[in-house]
Amino acid sequence: MQHVEISTTRANPLVDPVLQVWGWEIPVYLFLGGLVAGLLALSGFYLLRSRTASERGAWPQAPMLGVVLLTLGMGALFLDLDHPWYVWRVYLTFEPASPMSWGSWILILVYPALFAAALLHPPERVPFGAGLLAVIRRGSEWMWARPRLVQAIALSNLVGGIALGLYTGILLGTMVARPLWNSAILGPLFLFSGLSSAAALMHVLTLVRTHGLVDSTYADLLLHGLFQLLKPPGRDPSTAGEAMVRADAAFLSVEGALIALFVIGLAASTEVQQQALQLLLTGAYAPVFWCLILGTGILVPLVLQSLELAGRIRHTVVPALLVIAGAFLLRWVLVQAGQVSSWT
Amino acid sequence: MQGSPRPYANPYLAGFGLGLVLLAAFVLMGRGLGASAAFSALAAVIVEWISPGHAAANPFFSRYLGPGGGLEEWLVWEVAGVFVGGLVSGLLGNRVRPAVERGPRVGVPVRLVLAFLGGLFMGVGAKIAGGCTSGQALTGGALLNVGSWVTMICIFGGAYALAWLLRKEWT
Amino acid sequence: MPRLAMVIDTRRCVGCGDCVVACKVENDVPLGHDRDWIVEEIRGRCPGPTLEIRSERCHHCADPPCVYCCPTGASHIHDYGGVVLVTASKCIGCKACLAACPYGARFIHPDGYADKCTFCLHRVEKGLDPACVAVCPTHCMTFGDLDDPLGPVRRLLDSRPHHALLPEAGTEPCIFYLT
Amino acid sequence: MNAPFYKFDVFGDTAALGVAFAIGLGMGWFLERAGFGSATKLAKQFYFRDLAVLKVMFTAIVTAMVGLFLAAQLGWVDLSLMYLQPTVLWANVVGGLLLGVGFIIGGLCPGTSVVSVATGRIDAFLFVMGVLASQFLVGEAWPLFAGISEAGEMGQITLPGLLGVPYGLVVLAVVLMAAGAFVAAEWAEVRFGGVDRAAQPLLGAGWRARNAPRVLLASLAGLALLGMAGGDPYRGPRVVIDERELALLIQKEADHVTVDDLATWIVEGRMEVRLIDLRHPAAYAAGTIPGAENVPLADLPAAEIEPGERVVLFSQGQTHAAQAWMLLRARGMRNTYSLLGGMDEWNDRILFPELPAEPPPDQAAEVERRRALALRFGGSPRVEAAAGAPVAVPLPAAMSPPAGVAPPAAPIPTAAPVKKKKKREGC
Amino acid sequence: MHRRTFLKLGSGAVAGACLLGPGVRARAGSTPPKPTGEERVIPTFCDVCFWRCNALATTRGGRLWKIEGNPQDPLSRGRLCPRGTGGVGAHYDPDRLRRPLLRKGERGAETWHEVSWDEALGFVAERMQAIRAAHGPEAMALFSHGIGGTFLKHLFRAWGSPNIAAPSFAQCRGPRDVGFHLTFGEEVGSPERTDIEHARCLVLLGCHLGENMHNTQVQEFAEAVGRGTTLIVADPRFSVAASKAKYYLPIRPGTDLALLLAWMHVLIEEGAWDRAYVDAHGYGFDAFAASLAPYTPEWAWTETGIAPDVIRETAGEMGHHRPATLVHPGRHVTWYGDDAQRSRAVALLNAMLGSWGRKGGFYQPASMDVPAWPYPPYPPHRGKADNPDQRYPFALETLTTGLREATLTGKPYPLKGWFVYATNPLYALPNVDETIAAVRALDLLVVIDVVPSEIAGWADVVLPEAVYLERYDELNVELFRQPFVALRQPVVDPPDDQKSNAWIARELGLKLGLGAWFPWRDVEEYLRWRVEAAGLSWETLTSRGLILGPRTPLTYEEGVAPEFDTPSGKIEFWSNQLQEKGFDPVPRYTPPDPVPPGFFRLLYGRAPVHSFSRTQTNPLLHDIMPENAVWVHSEVAHRLGLRSGDRVRLRNQDGVESGPVAVKATCRIRPDCVYLVHGFGHTARGLRRALGRGINDALLLSRYRTDPLMGGTGLGMNFVTILPVEA
């Protein structure tokens, strides 16, 4: 074997000895972005598919929750910026080659869609601002009266969600300099990971509601939204939960397959990419990748969910929480390991 | 399915399975099972997080912080596995439920205080004895380690000696 | 329109770091940050391996991924000479360009924006060589127009074996190392 | 098969963490299955109501013990590589008692508490917090505990070693003891725990429930007996080696170095070689190869040699070195070589080489090289005199300048006036 | 697994916990704000090392911005080395001494109080008078380094003490000067008279050109390498120069003489020496040639580890390219205590190749004539204290170690006061304990420096000097290929109350009643007088920085007449001088001490960005190389379980233990050696930036062997073991 030693006098913070430009902020942003993308897509899908008014209300507060989570995510992104007060510069231009520019504009477009969808499902009660609520209610009714508009909102939610989910992966995927990210699979992978975590989140909320852990008359806007989220009028909450479990299992399976494709793709690629892959498979990130992402993040919840669906065990929040944790760790590890991977 | 917890397994078969796991640890790693050192490592990491200098200067914590220490400590990962394994088994056995396990004659606060106290004793004891029930009694027992058998006998001795005094806690 | 490039003779370079110090002084690069640096790469067996010493910096790629990923257009290719520059007042500090650069040539200036080698454009515009080139005691660096067939850069590249760094990254770097 | 795999570098540190997680999964699973997630169940052990702790623990101990014993006997596992917690008698006693006290107060132990937390027990969470808190306590007051934890140091010692009886016998004894304990436990549960005799595996009805444990125990005892036939399970006299690999190495002559190579290595300082002289200390003292250390063959098994170290073994002749080479290879030392021909060859070829007095021109340089080597290592070449009898030549005039050949006393010109040249400082 | 992987793992495993973790991003301090305003260029010459390159300093709005080489300068040829470029940092260094300090606490405690110049110099003068009254004026000694010491030396001579020494002789290039002096009657000088530029074959023995940044030499070296000169490098370490060599000889340390002798043996064996040159200029060649008989390449192989055919081939190359074959004499050559004889062998090899006085070898430098100020004659003295009874008969200069010994023993007479100017004896002299013991025995220690170095920590009085950019100094009347006179003049004002050495010397001289020797008002008047006395224009000199003299013939080919200031008037292959004093008249090889088992020979050297121990606190230079690392062969490191970046301590054969230092595991060094760059590991509290960064090799050099010819201190006999750093 050839002996190679490389030494450098460069000692730039964040860059040496290995790239560490992104800490917790970007994984959190990507995670929440993916989660919101999943919520958007799911609620948009149900809004589009449902025929009756009662069915339309199956996932009433998902958009409101999405607004909150997306805002948190963008907050994390903002915290990551080193020149944060120049952030408006993003919206003075559109850079077609920059995924980040695309992402900024997608986020701008997603917000109105989210708000519109939120308006369709106003809360029943709020602690203050009842007058405003009445106005909103009227607007909501006005919108419901126009099926084309509702359809358009639903469609924009669905499309926006998919775009947002894909973007979170493509953002990393276009960084040619980081061999680990250099894969077209990252877009779909992050999309499906987002979908599965969104389904898991809904499942959690259904269960919380089913078990009556929260006083349903509690009128706080956010909590109300959270716990009303999956209230399907005229439908047994557990059935709704089951639907989510089913969806989650499907998304998880696709996610697992995409991870396999991602791994195979890198393994079949150039030497630098194979080396980058080793970071996940055998290197420093291997225990987290195998145990916490593939193991407790995908396989264990899949098994538990299939047992739940088969009626062998009770529905619990456990698989859903594992899925959500796994989805976060997936982004965490990919962001961290990707930065470490390099061409040299 | 909704319903009551399922019964526990036959202790001999559970023991056999545990023995096989232990054997696997021997064959794969050349070491046995354990738990208490994971707590030490965790404590060391927390101390280091709060005050790195203090942790480095402390002979006890610094031992758990070098290469292969901290969260890279083998037992930390093993204990993480124990948690997940127990969780999955509990879920499948329908035995996961938030509860305070206590004897019929003690209240919840008392039980919680005693549990904390018991943990304190165990933590100190494990550090002195060089391992807890898993690390010393189980692992060392299988290796026919002299110190482990001594420890094992003393664990049961200590517990039985105090059992009478504490009968109100449990019966 | 010239295409500015640099040719560095690794045979002459002794890795003294004068280019690094000169850059710091000339461009007021904050301490603890480097726009250029020295790499020593050893290959082969002991004793008597090969040692390649390189003065490295931004490669001012013709196909610069750092420019492409920039969401605000702060990173751009300058009109003159294809030099890759950063407009500090447009940069939001998102660090995507740091992640996109396979050479690790960029850093975040303590004031918050991405910073890097400018090929000393302020000197080049006055007809001077970049500070690193002008100061090098071994005369190992040559700066000029890559497209000028009679210029020193082209002539060196035509007459000596050379390589660029990570050509497989597809960025078309404009710094060449004579071997 | 060379186990434990980790110690033979089959996988690295990072993978070991994955293994840890997997083993933990199994451990957690079985602990939970056994009901050890419940403090009340565990505590019943001490009131003879439910002796699951004893049963599970001893079954596990017995299973692992017998399994390990058998694997060692079959040569699959190197028992000496198992990590053995050193016995510290008083620390074990005091610590054990404290553990027992904690057990009965808390109703859990560190391992089971994790399972208990996993299944949602709030008391277990408090217990875990207690353990964690105790670690801060112990850490801050470590000097206080350090004394106790070192009291009665006995080193790494096993029961068979302590008692001086065969390993297998102790294994069998433990199995039998466990069987006895189980029967007693079953009886106690019926007596104190009010357990229905019929529900008791060892005593009660139900073929499967009754017989599975019995079969298990009986077969373990049988296996232990079988294993005893093998004698001492520790590796040593019987070694498992990959014969084909070794044979290939030997055939490729990759197992040895020549004295010429070695001399060159030493002279050119090219390689990090650990030279081991396997001969008797007296022979070693009488003269050896420069830089060699003395490890008599009998002490070789105890010598500390790192697996990656480059080692050259030599003895007087060839045989011992080759045998020692086998020993080290069997220990997994990959960079091991024997010195072809040993000291005899060293003496013949390096120290006292037979060199022609008037070599043909094309060999002159080589002869000169050998001569220089001999002198370097303190020998002297034997020169083939015309008559054929080797005669030692005198050493060259010890590298001293030829005295008395000063140039003829030519009149030394008077020194020209020295031009004072400017001097300057600077290092 | 290492720390870094732990962090990564940790971040993954307890993601939640780490979310709130300390997101500290270390940001280094920034440089002083960029100067703006009107640009002015002021010529001066550099003082970061002793090469004295002429430089152009640029100010903006009166603040220093940058320093570049003066294009007219034959030394720098318009390009400075990194240290010269980074000289800006010397001016802005926040750790500089600002005001005179008087010792407050114990010696070595680094506690002082600030005083006025008048008080400080008054104190010094008073103490000096007391010392003179008790022990005579010779009891004062001056340790000085560089051109800045000129006026202090003048002060000392006027005061009546001849004890003026610089570590550059006995700890550095002394053996080389003596070896060449014995052979050719002349020294190599500084800048060396080596014509690297035209050499067709260049031989370096342990000389790491490129890592020692002697500007002109490195420029010529790069030129030669670029031209394809046959480069032969013998070094236990694969130095930068070695990496450019056609032949790299990884020689066993301490056996260079064996290699040299074998080379000469081969030259004779193959008749490849310059017969005509030797016949014309050599003395005692036949006897010398006969003495080489036993030193065959095969024998040398067993000593040096260099294969015989490589020795033959390299000797062949040297013979082939002669006389343009330059065997470089090296610079820091105090290695094994036989250094003058080894340097003589280098000189003899050059002589055999006919390179002395020839193009591509050693040229004949010239200088301009600038009259000295007509001072009254210096008072007579008792003779120097460093070398009683001419113990080291061929010592050409004062021995620092001799002065130290006299201080400790009081023989031949007591030394009670030291001045230390711009040098750090705690780094420069071997065996630090001995130096400290000597310092403790003093009545007065005055340190004049720009930063609070370690020796300043022991001083009774610390006098802050203006850095070279803020002062005039003595003219540099260069002895070089092309002679010139150069001027150092202030570029900026001292930031605080720092004064130039000339001012300090004069003020102290006046206080000591030596006004007769300081008749000039200020140094500008002195310099102007000298320049004008030489018939040169002061205005030209101040505006250009230097005035070039006429270029004279440099080589025998160009018409220089061969002259040798030896007793025989010839190149002395056989030295009767040496024989008379009981030394070997021709070089004789003795093997080095073997490396004890478990130990490694400690080698040390220079880095291009630092000068000795002086520049580690310079912010700009610190930034590029903040600490040194110990080079360990990669296989050794592997065996010891070490990886690059791991921290270890070194302990030498006398039990001296270093602080923690990073490992550089590399195949660029022999397995039996370790290597450190000199000058790091500062312990002086005032050197905040450099404090505790890296380790100080000088501490580990507790053993030395004195060269019997000239008193040089061979430092290559120190061995170290590598200890892991306890957690």
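We just call them A, B, C, D and E in the order they show up, numbering each chain from 1.
Methods note: a residue touches a chain if its C-beta (ideal position, glycine included) is under 8 Å from a C-beta of that chain, and two chains touch if they have at least 3 such contacts.
What you see is a predicted model, and the numbers here were worked out from it, not measured in a lab.
By the document's definition of touch, common neighbours of chain C and chain E comprise A. Hopping across touching chains, the smallest step count from chain D to chain E is 1. Among the remaining chains, the Cα-based centre furthest from that of chain A is the centre of E. Ranked by number of C-beta pairs in contact, the top chain pair is B-D.
Note: centroid distance chain B to chain C, computed from Cα atoms, is 57 Å. Spacing of chain C relative to chain D, judged by their CA centroids, is 51 angstrom. Remark: chain A and chain E have CA centroids separated by 64 Å (rounded to whole angstrom).
One simple way to say how far apart two chains are is to compare their mean CA positions; for chain A and chain C this gives 39 Å.
Chain B has residues 68, 72, 76-77, 80-81, 84, 87-88, 96 in contact with two or more other chains. Listed for chain A are residues 3, 5, 7, 9, 13-14, 284, 287, 291, 295, each touching two or more other chains.
In chain E, the residues that touch at least two other chains are 1, 5, 9, 13, 21, 26-28, 250, 624-625, 633-635, 666-668, 670.
Chain contact summary for the complex, chain C toward chain A: residues 17, 20, 32-34, 37-46, 49, 56, 65, 67-74, 89-96, 98-104, 106-108, 111-113, 166, 168-171.
On chain A, the positions that touch chain E within their shared complex are 3, 5, 7, 9, 13-14, 17-18, 23-24, 27-28, 284-285, 287-288, 292, 328-329, 332-333, 336-337, 340. The touching residues of chain A, counted against chain D in their complex, run 282-284, 286-287, 290-291, 295.
Put simply, chain A touches chain C in their complex at residues 2-16, 19, 21-22, 80-84, 86-87, 89-90, 92-93, 95, 97-101, 103-104, 174-178, 270, 272, 339, 342-344. Within the complex, the chain E residues that touch chain A are 1, 4-5, 8-9, 11-13, 15, 18-19, 21, 23, 25-28, 624-625, 634, 644, 664-668.
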